[in-house]
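Quick notes on the structure that follows.
Chain naming follows the written order as A, B, C and D, and within any one chain the residues start at number 1.
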Amino acid sequence: MLRSPTEWRIYIDWHTKYTGLMLRISRVYYSSKSRYQEIDIVESPDLGKCLLIDGVIQSTTYDEYIYHEALVHPVMLTAKDPKNVLIIGGGEGATIREVLKHDVENVTVIDIDEELVNACKEHLKEMHQGSFYDKRVELIFGDGLQFLNESKMTYDVIILDLTDPTEDTSQLLYTQEFYSLIRDRLSNNGAMVTQATSPNFSPHCYSIIHNTIEQVFKYARAYIAPVRSYGGLWGFVIASNYNDPLYINEDAKISGKLSFYDKSIHRALFALPLSLRERIEREDRIATNNNRIYMPSFER
Amino acid sequence: MLRSPTEWRIYIDWHTKYTGLMLRISRVYYSSKSRYQEIDIVESPDLGKCLLIDGVIQSTTYDEYIYHEALVHPVMLTAKDPKNVLIIGGGEGATIREVLKHDVENVTVIDIDEELVNACKEHLKEMHQGSFYDKRVELIFGDGLQFLNESKMTYDVIILDLTDPTEDTSQLLYTQEFYSLIRDRLSNNGAMVTQATSPNFSPHCYSIIHNTIEQVFKYARAYIAPVRSYGGLWGFVIASNYNDPLYINEDAKISGKLSFYDKSIHRALFALPLSLRERIEREDRIATNNNRIYMPSFER
Amino acid sequence: MLRSPTEWRIYIDWHTKYTGLMLRISRVYYSSKSRYQEIDIVESPDLGKCLLIDGVIQSTTYDEYIYHEALVHPVMLTAKDPKNVLIIGGGEGATIREVLKHDVENVTVIDIDEELVNACKEHLKEMHQGSFYDKRVELIFGDGLQFLNESKMTYDVIILDLTDPTEDTSQLLYTQEFYSLIRDRLSNNGAMVTQATSPNFSPHCYSIIHNTIEQVFKYARAYIAPVRSYGGLWGFVIASNYNDPLYINEDAKISGKLSFYDKSIHRALFALPLSLRERIEREDRIATNNNRIYMPSFER
Amino acid sequence: MLRSPTEWRIYIDWHTKYTGLMLRISRVYYSSKSRYQEIDIVESPDLGKCLLIDGVIQSTTYDEYIYHEALVHPVMLTAKDPKNVLIIGGGEGATIREVLKHDVENVTVIDIDEELVNACKEHLKEMHQGSFYDKRVELIFGDGLQFLNESKMTYDVIILDLTDPTEDTSQLLYTQEFYSLIRDRLSNNGAMVTQATSPNFSPHCYSIIHNTIEQVFKYARAYIAPVRSYGGLWGFVIASNYNDPLYINEDAKISGKLSFYDKSIHRALFALPLSLRERIEREDRIATNNNRIYMPSFER
């Protein structure tokens, strides 16, 4: 039969049951099922190298810088002079890369899936850029919740770079109990941030995550960044007992090249569309261990 | 054979040759080829009613409010107390709807395709909400360029709600000559705005449109809004010889319900990602009648 | 955004939950939901005009001649000099067209969906070729089962050109009770034929239909024809108390142009692949009103 | 984002520019680009393990038995008591498997792509079933045309299990010059067979291959087999100077289990649809080294 002039391997990143981003795939670098999840690393002519977990785009070389800069820099400028940073998740190493642009002393990274991290180390050098091997970085394989429960350490910044709350494992990292644990492990001048799902596809999750964190911290702010690989906006929530995240440490220096974030747009990230602000304000539910949020329950 | 549990009619809004938004379609309301273009009005379970022209999503009831509020309100608040407004394009009537939330006296609308407007009148009432029938509105079928050339009228605001510059007709509405004509048809305290293609898929177009308009007007500002139906960010350029669009008329009133825009986020629309600002600054080309921009020539 | 060089309207004829035929659609002629079913008539660059019912390809101008010639001519040559013919289903009129190539006197056609027949009359002239208007043809709108129950007429040939047994209505036309009723309405030298679903996608249906008919008639033969628009082979069962369908009336004349069938390939239609013969022989279930076959229950 | 309840990896086997078979893929076993071609071995829930070369389905465990039995047994029963067999192509080993069901002494297999054969040896044991390791089999890596040119050997049967004539390499194995070379390398009582592309998607190729072979051999017969994985019918041409392939050696024994072919359906394979016979008869072109057939030039 005929080889089509177009690529013939198709990947669909379903946003909902009815809508998705359709990519033609020009190469498969890695395709395996680890103990925890399905892992694929593929090449898209438009989005570059793509990391997929359980069939969902996690990062692409096209615009992972937007997600990772938006995740890391606001919280690093909200805490006061952070030296000790904890990252939960983020197996592709790009979150570490951004943290290392700040004047930190220790970065602890905990990811549950060693096979995933090894695959990223080998196939996604564009993303981690060697940051796994920086001497300030300690990499631990294990369960983030269990680690925090058992640890007595405190951190200036805690970054939750998690998969979406679709299953037990990650759902427990989006609850009031977990955020209370995070608060207890933060130093006095510390701050935390979490990815908070899509304001477009799961506004209820985004709203509940914000509402839950607001119960636990003095300051909690929802913000957004535009990530084409995620089909539109992506959501984050940042929190602190020390400082309102709207007002950053203007003296802090970020070394290394930035491509998305600089201080001049910091405030704009918090300027949500009116309908989204109304959606968040309307939310009165919170997530707990007994009443977790669940991503695929769409609402609009 | 088997009826699938999923919808079986698929529409792909190709963003590039390799990537697109894939929708399942639950109903076809209208499908025809007019004198000028292919027109489809369909139902998507996620995006609601969708207007497609030549296979490209123009508006969906899911988030057309974002595009149309972002297109209309900033320019209406940049001009001084605008009474006479000209809209070129915008056959679905939603741009008129937003303009009528301001205290205007006359709205002239010129669209080239009568069949398109009639189809929208019948099938997209959610979008136009009767605005075609407001007594302040005059609807003319014809070519916008020719109309402006022949008209001696001036307007306080001119809104270019055009299809993308993929063919002769619309390409000529994105040139230095055309923007000069617009400038000549604006009143002293007037302002104009144009949709400016996607900062994601055609950053060269977006940059050239901005650069071209900057040659013609004292103030020209690029801004963005997040439109999921368009696969991410959408771009606009606003210009005026009277007023810097960053600073709006704070006293102006907008009647009627808004869902995306309010004055509190006006400034944030202009806070572009760093890489996009750098892309725009790097641009030194301008579009002219003899050297037009052409959308499908991708660059990144 | 970009108009793709390829067609952007996609239709997927799902063969199973995981596999389907994907068509690009260049035009939509008709799209509606009748009292009984969803009806679409569309243009495919490869398959020509396609009639879809509930999202399933029924006929295409590319190869409906194979299906309809294979359905009609073997049974017309099995019965002895047939004059009175009953067709149940077959709203596109192509089955009538083939029957009229024989020297018949009356053709009664009963279809449940008047809107479907009207849409085919208007948009599928290539298929019916005016056969609806032949003076020997009587068209009745109603339920085939009820019609046969209430009628006292007998026919020389009865042709069951039905949708697949996915729902109550059509499932009852694939049972032992129904085939007994058919037998009672056949003249002494008569014969019947039914479409019998796909030997590829629903071999259990094909086998059970054959087995059920075998209980009711002296001669029952399964046969096949290759129909690309149906993704491969299509199955039929022919039966008679008068004559073994392997041996046709060699003297009968078929007027008009044929494109698939001629007497020289008659026997070959009954030469099933070995694995399919084994599958049919293995089948010991029969379909009854209380225990109907159901198409989507795949087995292999 | 959401993991769809359906599989998210899609493969489209394009039959033409507008139509293709769409599969959901549940696993990728192997994905690589060899010196000669792209090779993928994947799992489809319906078709089982699939071997794809340059994005085109070559074999699936669902129905490769139909293709391989149809390719091998007719020619083995046409030649007189064949002992020495040459196979060109057929890297997955299933053609060897079928040949070994006959009482042969030597099977020479020549394939150009060692990486392909190694991947099949490891991942497609269901297909080759160890036949590569039978002591009668000699496997040579190289170019089939060059091998035949340089060899002085003769064979009782030559089987051409080639990729489609889309590029120089394989196009030269479908010419009058090549078939003359085959004829010269056959023993007096020998026979040859070639796959001959799809009667559905490339009837011109099928017709020209038949017409070309007819110039070279006393007997040349076109036949078909239904292969769902190839979207419908598949074509073959068998030829001999010794025996008309319609009449097989009824005394020959085939050991081992067959699933598609037995002698009772041999004749039926040659009973082509009327329109296909007319298409073949109409063909007056032949393929030569200077005027090769080219698969993607569709005609109907």
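Note that a contact is a pair of C-beta atoms (placed from the backbone, for glycine too) under 8 Å apart; a residue touches a chain by one contact, two chains touch by 3 or more.
Just so we're clear, the structure is a prediction, and the values are computed from it rather than from any experiment.
S.K.: Please report the smallest number of touch steps linking subunit B to subunit D.
M.R.: Minimum number of steps from subunit B to subunit D: 2.
S.K.: Could you classify the subunit A-subunit D contact as same or different, where same means more than half of all interface residue numbers appear on both copies?
M.R.: Comparing the two copies, subunit A and subunit D contact each other through largely the same residue numbers, since over half are shared.
S.K.: What is the distance in Å between the mean C-alpha positions of subunit A and subunit D?
M.R.: 50
S.K.: Can you check how far apart subunit C and subunit D are, centre to centre, with Cα atoms defining each centre and the answer in Å?
M.R.: Computed value for the inter-centroid distance: 33 Å.
S.K.: Can you list every residue of subunit D that touches 2 or more other chains, as numbers and ranges?
M.R.: In subunit D, the residues touching two or more other chains are 6-7, 12, 15-17, 20, 231.
S.K.: Could you draw the chains as nodes, link the ones that touch, and say if you get a line, ring, star, complete or other?
M.R.: Topology of touching chains reads as a ring, each chain with two neighbours.
S.K.: Mind giving me all the chain pairs that touch?
M.R.: Chain-chain contacts present: A-B, A-D, B-C, C-D.
S.K.: Inside the complex, what are the residues of subunit B that reach subunit A?
M.R.: 6-7, 12, 15-24, 44-47, 62, 65-66, 200, 224, 226-228, 231-233, 258-262, 264-265, 267-268, 271-275
S.K.: What residues on subunit A touch subunit D, complex-wise?
M.R.: Contact set of subunit A toward subunit D: 1-17, 20, 27-28, 31, 33, 40, 54-57, 164, 166, 198, 201, 230-231, 295-296.
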